[in-house]
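Shared between the two complexes below is chain A, which pairs with chain B and chain C, respectively.
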Partner chain A sequence: MNIAWIIVLPLLGVIAPLLANPTRRNQVAWITAVLPFAALLITLYHAPAILAGEVVQQTWYWIPQIGLTLSFRMDGLALLFTLLILGIGLLIILYARYYLSSKDPMGRFYSYLILFMAAMLGIVNSGNLLQMWAFWELTSISSFLLIGFWSSTGKARKGARMALTITGAGGLALLAGILLIGKVVGSLELEAVLNSGRLLVEHQWYPVILALVLIGAFTKSAQFPFHFWLPHAMSAPTPVSAYLHSATMVKAGIFLLARMFPVLSGHDAWFVTVSLVGLATLLLGAYTALFKHDLKGLLAYSTISHLGLITLLLGMGTELAAVAALFHIVNHAVFKASLFMGVGIIDHETGTRDMRQINGLFKYMPHTAVLCIVAALSMAGVPLLNGFLSKEMFFAETLEQSAIGALSWLIPLLATIAGALSVAYSLRFIHDVFFNGEPKGLKKTPHEPPRYMRIPVEVLVALCILVGIFPALLVGDLLKSAGVAVLGGTLPYIPLYIWHGFNLPLLMSALALAGGIGIYARRKVLFQFQSHFKEVDANERFDAWLYQVITFIRRIEALIDKRSLQYYLAWLSVALLILLAAPLLNLSLVGDNVVITPLTAEVWAGTALIAIAALATVVNNRRRLFAALLISIVGLGVSLAFARFSAPDLALTQISVEVITTILLLLALFFLPQTTPKESKPGRLLRDIGLAGIFGGIMATLTYAMLTRPIETISDYFLANSKTGGGGTNVVNVILVDFRGFDTFGEITVLGIAALGIYKLTAGMRLFLPATNEDGLPWSRDKYPLILKQVSQSILPLALLISAYIFLRGHNLPGGGFIAGLITAIAIVQQYIGHGNDWIQKRFYANYVGFIAAGLSIALLTGLGSWLWQKPFLTSWFDYFTWPVFGKFELASAMLFDLGVYLTVVGAAMLILAKLGQLTVVEPYSEKED
Partner chain B sequence: MSALMAVAIGILFAASIYMMLRRSIVKLVMGLILLSNAANLVIFTSAGLTSGAPPLLDAATKQPPAGVADPLAQALILTAIVIAFGVLAFSVVLIHRANEVVQTDDLDQMKETDQ
Partner chain C sequence: MLDSIVYVTMGFIGVAMVGTFWRLIKGPTIVDRVIAMDKLFVYSIGLILCLGMAEHTSLYYEAALLIATLGFISTTAMCKYLLRGDIIE
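Coming up: the complex of A and B.
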């Protein structure tokens, strides 16, 4: 099985929960779980090979020239994370089924959750750094949705916003770092980056790259000083906290550190920054956790502290420390997920999370209590549980430290203190919640939760014990293969035993345990001491800071942005002028390919027509109708130019578009304001004339310089292969429907979107016909003159016939789908003009949106059709047939494509004109016509 | 001939920029029409000005006659013409919608929609 499925299946699974019947909650949960479970099976299928040291890869090239590939890569590290993400994720799905109340939209919740899961899987299994970054951002976005799930509460919204701002900003830093890495290494493929050895470390950009990558990792993993978002993210539903803050979201930052470890860690800057930040976070988190009365608050700060511990381990730089970090990633995920779920059960059953109210729960829910106590003991690092093992390894490694020179003895000391604090808050959790008298002021009597809500906790707690007793058997291979991935080949001997004999780490553990009990026993003194400090509300500070940033940006914006279209346009023109004029300065006006052609009268007349009509438009710009007519003369002149200079297709297109544009302009004049605002001041007039004049001068120069130089063209290929390869003699049409068919497909899509946009914009728009025109004259009473009616009706069949003819001959002679579509549109518009909208709608129901849809579908299906013959998208096919009566004729798939173009053009043009035309039939006085 | 064409194109550009810099919506729309014509002509001339030789192949030899016009520029412009119409229509409606919201035809007065 392809490993891409491990990501793709959950990604597909995003819609699965929405398909289930929302009232059948079990069904929703089951359907949600199927695809992640399948992904887990695929992972297990690949696991033996990866554990044996293989790296499974799957790469699809997209734009390899600029390093863009879709590439998935699973090594030991990715496998470890994938198992955590999927395993704990499935347990969370089960747990959430019972946690969510019937009022919560369950389908939406699961959908966000699976999106998040897929994004996490994408991060850890990406073989391309940019792709990894895209998934990284997706976790930020999906966690925003999850944290703010109860969006009716302000706390949830603020918490979600803060998490997104911090992790999103970190994501941008990471992107910059990744791009720099790509520049240095020359590739964004993970394989190439990981094999680049000491290239990055020795590069002069190393400090910048390191800083950017670390900002990305630290913001995500809530490391000091970015840790403050994590406690506020606790306003999420508890299953989300259990997932995001045990196995996933915050571990993404840790994952990044581990992933980049081989290429970024070999430098003092890494050791000092990462280990000191980790140490600070470890201590700060452990200390603050002690004072939190909210159960989730306690767990949040404990999470921060344990993340600090892992970061510190990765910062130490020794091989065994890195392995210990990996081990603690697993252990922390397991015990923290079970603790969060346990807290969720307590919250669910008591209605509060305040430890000052919740006491003595052991009596009411002994089963849950035992589970929580075991998990908490693991968090404290008590022997025979998994937390103890990685903590022992951690203590042992702190003793090996020399990163901060003579002061290195501080590290084991501080580690022991952090250990003691961790014991103290774990003890507080156990003692306060489950013993310590009776609950105070609870609204309901707590009892055990539903059977299945406990199962996920039981599974995880069982793992805590089993890993704690048989570490080598259960996680030995996994750690080894992950260790190889992080350390790159060389792996030290990993001492995965419970008993290492009497040694210094064991003494540290004992000290931490005793110290923790001591701290907890004397907690009143500490609480007294802490009450002297005012608690900082991170939310308030964050809001104030955000406000300052926004005000600052606004001030800058006010300087450069005058909020006027003309202002933008003027500056845009100036910028363009500079760009265009600069190269012209070094260029001679006349090139070496001056072709002197005799000036003929019609060229004189044509160019003069264009120029004079354009100038007249400007001069008469206050007389709107007249200006509109002058503009159509310009269009006519342009189409004559096309005809004169060997472009019959263009001439036909231009003249048909000109008709439609003129109708559009007349309609627009009708509903755009009748009055013209006061003319600008003379100064501005002068400025605009100057700007326009210079612009025109430069464009004329450019055109002339271009015309007098030899032309290099790639068209020879098209000319040579048009008939033999594309089956048509009209090369322009063959380019449109065959050589550059993909472009044309994009272009008709744009046209369709523009038409649909107009359709939506005009929905609900009403225009009232003014009683008089702008000069105060009343409108003609005879709205639809008889002659116009008759003529337009009788030319309809003829016009349609011509458009059919133009369409059919398009492949070989001037014509084709675009022109035929425009002619058909003109013929239909003529009917609207002659008879009015009501008359048409009574006789002819046309769904123009359907035309566009049909046209685009035909074009798309024609393109896809080539896949049936294993040819690339839009490969054309043609052949010649002979029919008894008709003789020899040609059939080409390109004609089918051209039909799609035709339908789209007709649909778009008609949708636009008919929609605008219909707006004006709402009249203050309505008069039934005959 | 080249010079004449260049001058005509220059005038078209100048006229379109001037019209677009006016304060009236209607003039902006007209400026857009002129601009798309001007741009199409520039692309057209970039392939050279060929007289009397459209890019059509001889059906018998399946090859072009000598010195035919460049078909590529023509194909590019053909779609550009049609799209310019779509974009123009869209901008007309969009401008109208904006006009409806802020109740002014003066583009200088249109700055305060979002405050």
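Coming up: the complex of A and C.
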């Protein structure tokens, strides 16, 4: 099996939960779990080879010239992370099934969660740095959605926004760093970068690259001084916290450090920065965690501190330290996920997370209590549990340090203090929550959660114990292969066993344990001391800072942006004039060599019509209805010109667009003033006329030069190949649906998105409805005049027939899906005009969004269809058939594509027009929108 | 013979268009202008069909057909606007 499936399957899984019946909660959870589980099986299938030291790769070239490839690469490090992401992810899916209440939109939650999971898998398995970065950003976005899942609360929104701002900014820094790495190494492929040896470290840009990459990693992994977003992200639903803040999101930064370890470490700058930042984070997190009354707050700061520990290990630079870091990544993920889930259960059963209220829960929920206590002891680093092992390795490594010279003895000391603090807050969690008297002021009596909600916690706690007792057996191989990936070929002997004899690290552990108990026993004094400091709300500070940034940017913006269309146009014209000046002076008109079409009387008349109508539009631009009327005459003139000069397709398109634009203008004009006030002073008017005149003259000259140029154009190619290559004689249509089908596909997608955007923007809009017309006269009482009704209705079949006719003949004669779509839309709009919304709603239930979706899907599937025959996307097919009665006819795949265009156009046009038309309907439709 | 008749017809239509166009600009009321717009659509149909006959091609036919159908819809939308302000209600 291809390893790309490990990412692609969960990515496909994003839609799976939305397909399930939302009321059947078990069904939703099962359907969600299937694809990640399949991905896990594929991972396990590849695991033996990777554990044996192989690197599995899969690369598709896209634009290799500029280093753009789609490439997946799984080595030991990626395997370790993939197992964590998928394993814990599956447990979270099970847990969330019972955690979410029936009011929460479960399908949407799972969708976000799986999107996040796929993004994480993408980060760890990417073989190209740029691709990794794209997934990196995707985790920022999907975590934003997850943190802000309960978007009705301000805390969730603020927390989500803060996380996105910080990690997003870090992501931009990382992008810059990656691009620089690509410049230095000459490739963005991970393989090439990892094999570049000391090239990066010795390069003069090294400090910049290091700083940028580290900013990316530190923001993501909540390292000091960017740590403050993580506690605020705790407003997410607990399954999300359990997933994002134990095994995934924050570990992405750590992963990046480990990934880049072979090429970026090995320089003092790395050691000093990474280890000091790690140390600071470790101490700050552990100290703050002690004072948090909120259970999730305690866990959040403990996460920060453990991340600091891992960072510190990676910054130490010894090989064993890096392995210890990998080991602690696994251990921390396991015990922290189980702790979060335990806290979620407690929150669920007591209705609060305040440790001053929840006490003595052991009595009420002994089973859960035992699970939480074991996990918390592992967090404290008590022997026989997994947390102890990696902490021992950590203590041992601190003793080897010399990164900060003569002061290096501080590191083991500070590490022991951090260890003691960690013991103290773990103890507080255990003692305050499960013992320490009776619960205070709870709204309900706590009891054990549903059976299946505990299973994920049980699995993880069992792992804590098993890994704690049989480390070498369970994770030895995994750590070795991950270690090889991080350190390169040489790997030290990893002392993965519990008893190392009486040595210094053991003494440090004992000191930490005793110190922790001491700190907890004297906690009253400490709390007293801490209460002297004013608690700073990071949210307030962040908001204030954000506000300052925004005001600053606004001030700059105000200097260059006057919010005036004339102003934009004036600058645009001036800029273009400057840019065009040189080439224009060298332009020679060669019109004499070309046969010029003779100017006949009707051409003169038509030109005059267009020119006078255009001029009249400008003169009357303040009387808006009149201007709309005049501009439609200009449009009519233009379409006549197209017809006259052999562009019947354009003529048909122009006339349909003209009509639909008129309707749109009228719909909008109703809500707007009927006249535009006079704003321009004479001087400005003169300037604008001058600019416009010069620019118009230039454009006319350029057009003339273009039209009279006797060079060969690509048109000849299209003319020659249209029939043989695309199977149609209408070159315009063949270009649209075949030669440049990809462009058209992009355009209809944009059209669909634009329509949906307008739909969303106008939803729930309340507008002032003028009670009289512009002269102050009341409107006519007759809403739907009889003649209008009758004529509208009789025009519908006629127009639909024309539309079908134009559509079917499009491939060979003027016409096609776009024009046909516009005609259909106009015919339906006419029914709205003649009969009103109510009448239509009763007779014709049309889901215009569905039209757009169907159209885009048909176009996409037609394009993908060519893959079945091993041809590139959107290769068209056509053939001729003969039927008895009909005679010879042609079938082309382009026809199907054109159908997609048709449906999208109808859907988009109707969505916009019908939506604008409904703005005036006060009852009952507008209520539905809210 | 037919050819010259077509050209003469086109001349007549042209004169009518100039007159209508004058009415469109001059007004005086907006209703005059809407009617003038509708007339211009109608004359365009005639013009374009004559052009097709003069050049012995049927390619213009669809353009005329569309102007006939859609031009009418433009006019009704304008009328509805003058009557009620809100064209889709």
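By our rule, the second predicted complex is superposed on the first by the 568 of 930 C-alpha atoms of A that agree within 3 Å, B and C clash if a C-alpha of one lies under 4 Å from a C-alpha of the other, contacts with A are read in each partner's own complex, and residues count from 1 in each chain.
Just so it is clear, a residue touches a chain if its C-beta (ideal position, glycine included) is under 8 Å from a C-beta of that chain, and two chains touch if they have at least 3 such contacts.
In this text the structure is predicted, and so the values were computed from the model without any measurement.
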| item | value |
| --- | --- |
| Partner chain in contact with A:Ile802 - chain B first, chain C second, else both or neither | second |
| Touching partner for A:Lys562 - first (chain B), second (chain C), both, neither | first |
| Which superposed partner A:Phe626 touches (first chain B, second chain C, both, neither) | second |
| Touched partner set for A:Pro814, first chain B, second chain C, both or neither | both |
| Touched partner set for A:Glu602, first chain B, second chain C, both or neither | second |
| Broader residue contact with chain A after superposition on the shared chain, chain B or chain C | B |
| Touched partner set for A:Ile610, first chain B, second chain C, both or neither | first |
| Partner chain in contact with A:Phe670 - chain B first, chain C second, else both or neither | second |
| Partner chain(s) touched by A:Gly697 [first = chain B, second = chain C, both, neither] | first |
| Partner chain(s) touched by A:Leu146 [first = chain B, second = chain C, both, neither] | neither |
| Chain A residues contacted in one complex by chain B, in the other by chain C | 644, 648, 669, 813-814, 916 |
| Sites on chain B touched by chain A in the complex | 1-30, 33-34, 37-38, 40-42, 44-59, 62-64, 68-72, 74-75, 77-79, 81-90, 92-97, 99-100, 104-112 |
| In the complex, chain C residues that touch chain A | 10, 14, 17-18, 21, 24-25, 30, 33-34, 37, 40-41, 44, 47-48, 51, 59-60, 62-63, 65-67, 69-74, 76-89 |
| Residues on chain A engaged by chain C in the complex (per definition of touch) | 601-602, 605, 609, 612-613, 616, 625-626, 629-630, 632-633, 636, 639-640, 643-644, 648, 651-652, 655-656, 658-659, 662-663, 666-667, 669-670, 769-770, 773, 779-780, 782-783, 785, 788, 791-792, 795, 798-799, 802, 806, 813-815, 823, 826-827, 829-830, 832-834, 836-837, 913-914, 916-918, 920-921 |
| Complex contact set, residues of chain A against chain B | 562-566, 569-570, 573, 594-595, 597, 599, 603-604, 607-608, 610-611, 614-615, 617-618, 621, 624, 627-628, 631, 634-635, 638, 641-642, 644-650, 653-654, 657, 660-661, 664-665, 668-669, 671-673, 675-677, 679-680, 688-689, 691-693, 695-704, 706-708, 711, 713-715, 718-720, 722-724, 729-732, 735-736, 740, 743-744, 747, 750-751, 754-755, 757-758, 761-762, 765, 812-814, 818, 822, 905, 908-909, 912, 916 |
